[in-house]
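Following this line, the structures themselves.
After this come two complexes, each holding subunit A, first together with subunit B and then together with subunit C.
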Partner chain A sequence: MRREPARALADYTPLFFPALMLIVFFVVPFSIMIAVSFFKRNPAGFYTPDFVFDNYARFLTAFFGSVLGFSLLLAILVAVCCVVIAFPFTYLLTKRSRAVQTLWLVGLLSVLSLSEVIIGFAWSTLFSRTAGITNLFVAIGLMKEPVALLPSFWAVLTGMVYQALPYTILVLYPALVRLDPTLLEAARTLGASPVRAFFNVVTPALRNTIVATLIMVFVFALGSYLLPQILGRPSNWTLSVLITDQAIYQSNMPFAAAMAVFLVLISLALVGLTLLVGRKENAL
Partner chain B sequence: MTEIMKTMLSRRSMLGAGIAAAGVLAMPAILRAQEKSLKVGVYGGYFKKSFDEHIFPEFTKATGITVESVAEPTGEAWLVQLEQAAKAGQAPADLSMMSQTSTLKGQSTELWQPLDSAKFKHYGDLLPQFINKYPDGRVAGIGAVAWYITLVTNTNVYKEAPKSWDALWDTANADKLGLLALASNSFLLEVTAKTFMGGTNALDTDEGIDKAFAKLAEVKPNVRLWYRDEAQFEQALKSGEIPMGQYYHDVTGLAAKDGQPVRSTFPKEGGIQDSGNWVLSRASKKVDEAHAFIDYMSQPAVQGLMSRKVGTAPTLKREVLDLKPEEFAAVSSDIAPIIPRYDLYVSKADAINQKWTELIVG
Partner chain C sequence: MPGLSINSITKRFADFAAVDDVSLSVPDGKFVCLLGPSGCGKTTLLRMIAGLEEPTSGAIVLDGDDITRVPTHRRNLGMVFQSLALFPHLSVGENIAYALRIRGASKDDQRKRVEELLAMIHLPGFADRPVAKLSGGQRQRVAIARALALSPKLFLLDEPLSALDAKLREAMQVELRQLQQRLGITTIVVTHDQREAMTMADLVVVMGKGKILQAASPIEIYRKPADAFVADFIGITNLLPAEADSAGRTTVLGAAVPGVALPSGAAKATISIRPEDIHFAKPGAGAIPGTVSFVRDLGGTVETFVEAGGTTIVAVATPRERPNVSVGETIGVVLPPESCVVLQP
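Then we have the complex of A and B:
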């Protein structure tokens, strides 16, 4: 079917509703945030409309730079871990019978119904010294005495990967289900082992899906602010934690907005860079 | 335990109260011309519920003034709402419960109507920290509710109660403490100054603040958890996972009564006393009713009722109260409290916050 070029205004009507939603729920709030980030902070109240760069200037220090760097690294690590775990898992899942697949997907969807708070407290119990999994290791003789596994960077990473994994699988699933089975059959006929076929045929064929999934999980993980607080030390706190502190506890909306704008810009830049690199490689 | 958690979460986190406040504000006030009434803003959740149940009906019975209670949102949102409404000549509430820091911020714009201390029978019995004055001496606010943050320990891990806040600095307690995560709610600078620098006056100068920060940095290796969410620490304290820290005296006492292995200790330097004031918006016309309300609330009998039913520390001198020793000990102590330097969180808020964040995160 050939797509007809739009001729009359009426042909654009299907676009109006999404455009309106995008404006109301994204463009307007984001513009307000940008505007507030230039407002003047008034320590005795909230803020006064103005156009100052103080809020950005305060952010441009080695301290906030390192917090931003940590947040980005953490989000990248979460994205990589999720995809590394989820991709082979989803691939194997699509090889199972319909009933088994449904069961797994329902299970994964039910994990999504857990709130971040519940996930955080559940992991903090599992990682605790008094009631955690190390007691189990002691019981079976793997460890001498129970230890606390939190607060630590690894606890934060585990919690965040746990939270993002169902999303990752649900995003990868449609692409893997639709993957042309003849590709694999051809590889096998030509003598490739299943493992080799997976890495040399399936993975490259789904490159764009994998990149898109990485970006989605990265953005998802970047906004996390509860799990780093519950499972990590202050040095594991993300920029989102400090934004919350400024907005809610210090009533410093302009500074919080400036930090948020910075975070959005940096992540947009990283996403753009990833796409650009991907396109160049594809062109070769 | 769930009851305590609910209490704590709703009393001091108070999230969502903003929505409740908006709902209440949207409702038309039911006013009858001949009936005297007063709109009183109280922290949403636990405080509003207790006041609606135990305090307001008694006040109406005693004075004939009906009270419409308004749930206040947390933080400074309510201060900003009052300020903006006052500019338009409106008062979403006549009287409000206001944190000490917000009271000071409201002073800078003359948001609070000066109160006439002659109209309060027990004005002379109020503890000095519960009278908030403008720089020129006019009364801006009168203490409404107060509570203590003390040194708490798990009794299974610490057989003996610690005697001083310096236990936080003890290297034997490495990785064992749970402390509040913000300068302006943990008041640890004040604790440092009182314990090691002779008193909170040491924080008058920037050098003094820097010295307190340097001393406080020594505590960092002992801290396992810097908490914002009270339930997080309370759970860890009960299980012994994090056996020492700072926490609310009244709630710890309730947990101990429930048989949990926890205790709250007033260190010899004193517990930290945080509080809120009653303040009257300058846009309010209910000046007489507001004075009657504060007068009623500042009676020894009502302060006793509050201590028993709401769990707040009394704002009056101990001699005039009818509290039994164990009732008094459940909410307060005879040891002079550490009173936070609220002025610092107004005049040097951003500088202190920045140093604090760099201290604990860096």
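Then we have the complex of A and C:
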């Protein structure tokens, strides 16, 4: 379908309201944050308007650099885990009957109604030594005695994957439902085993969906700051935790703002890079 | 025995029998059309032959080997789907070479075979084009070439031409038939278009409600339909009530039709007569009296509708033998006995 290009200003009127919302709730606050990131901190009070690079300079130390690196790595790992688990699951789900699909989707939606705090404490109980799943393993003879699985990096990862998985499935579901089932059948009549056909045909046909889902989960995971604190050691804390700490407990708004701006820029660059690579491969 | 043989195969979905105890034997190298209205089970039957659907009972035997439980990817068949199912992320050449790639053929062999197939479907030099850039007819050809890449034993097509416009469809029917004869490959096509079946098939299998109603050559199906459903589904026909009088003579709508015998013992039956077999005469003995209700002159053919004895009889003539009748005229309709087919009740 070809659409007429917009000509008069009146053609753009439907855009005014969303544009206004975007300006009031995103552009203005974000601009204020950028401005604050250049302000000078006033230890006695809050901050004084200025234009200094101190906040960014302080950020460029090994400590904050490694926290930034860890945050990005964790977010990438969460995104990859979610897609690797959710993609085959969602694919198999679309092969079930309508009723089964609805049941699963309702169940997954109900997970979304849980707050991050509840998820965090539920997993911290599950991973604990006194009441955790290791007691189950002991009961069925897999382990000698119960152990605490937290605080640890794996606990953080599990909690975050658990939290992001329903979103992943809900984003993948429409694309997988719409996928033409005869593509897979065609591959099978041409001699591909079902598993091979899945990787040859289904995965490449949904490349763009998979990339978009990876980016969404990545951005989602980057903002997580509660789960790392509940389930992890201080070494597992993400940049979001440090930003919260600086902004709320240290009252160092300019430094927190600088870190936030930096995080946004880095993630934008990563997302842009992914899209660029994707486009180049598509053009081949 | 070479060829495909289907032995009393049944497919049930819950308590509905999509294919109900169907047996069919397809000699090697023949072109078969499974013909029927939607929901008659023809696609399900084809999908069972392909292994995409598991039969509830019965067996499928190809060249003497029972393949009923053999998974699709080990059956050595080529299939063209209604949606064509070309892989959107691959080029024309990669689509065609897919089956070769799966079997680990060398790049050189793949390229050679692709060129060969592209020449066969009259699309030389198309190997590097993306499938999205092809026209409907070109996509159709590519799907056919892809299915034939490994010279399979069995070539299956599920409503392959339904997405094309009428003109292109007719041209592709001829092309497909010629290709099949050149390759001598056993081919089964599912279609609901009787013209398509008549054009291409050696053997037309008419299905209805999960059963085979008649399996015969196209001209036999047309000339000697087994029942009213087949007669009505294949082309246009007139279904008229016939009665036997006390003397054993057969009459149709009051006119005697000598030489047409009803099944012994039956007083009533239905006969089928094709519109092009009907003649007109002056009203009188041996003719059914009727009134011309409409004349449709299509240029190439002239269709005359005659109201007689409460039914409408359709007659078709070429302009050369144009009947000299006009609407409202009373005429006699003559049914040549050799063209009347007495149908099974």
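Structure notes:
Heads up, the rule we're going with is that the second predicted complex is superposed on the first by the 283 of 284 C-alpha atoms of A that agree within 3 Å, B and C clash if a C-alpha of one lies under 4 Å from a C-alpha of the other, contacts with A are read in each partner's own complex, and residues count from 1 in each chain.
We adopt the following convention: a residue touches a chain if its C-beta (ideal position, glycine included) is under 8 Å from a C-beta of that chain, and two chains touch if they have at least 3 such contacts.
Just so we're clear, the structure is a prediction, and the values are computed from it rather than from any experiment.
Of the two partner chains, neither subunit B nor subunit C is touched by A:222. When subunit B and subunit C are set side by side, the one touching more residues of subunit A is B.
Contact with subunit C, but none with subunit B, is seen for A:183 once the two complexes are overlaid on the shared chain. Contact with subunit B, but none with subunit C, is seen for A:230 once the two complexes are overlaid on the shared chain. Touch criterion met: A:207 reaches subunit C, while subunit B stays clear of it.
In the superposed model, A:192 makes contact with subunit C only, not with subunit B.
In the superposition on chain A, contact of A:252 is made with subunit B only, not with subunit C. On subunit C, the positions that touch subunit A within their shared complex are 50-52, 71-75, 77-79, 81-83, 85-89, 98-99, 102-103, 146-147, 149-150, 156.
The touching residues of subunit A, counted against subunit C in their complex, run 180, 182-183, 185-194, 196-197, 200-201, 204-205, 207.
Against subunit B, the residues of subunit A that register as touching in their complex are 41, 43-46, 58, 63, 67, 121, 124, 128-131, 148, 151, 229-230, 234-235, 237, 242, 245, 248-252.
Every residue of subunit B that touches subunit A in the complex is listed here, in rising order: 75-76, 79-80, 83, 105, 108-109, 181-182, 184-185, 224-226, 228-229, 232, 236, 239-241, 346-347, 349-350, 353-354, 357-358, 360-362.
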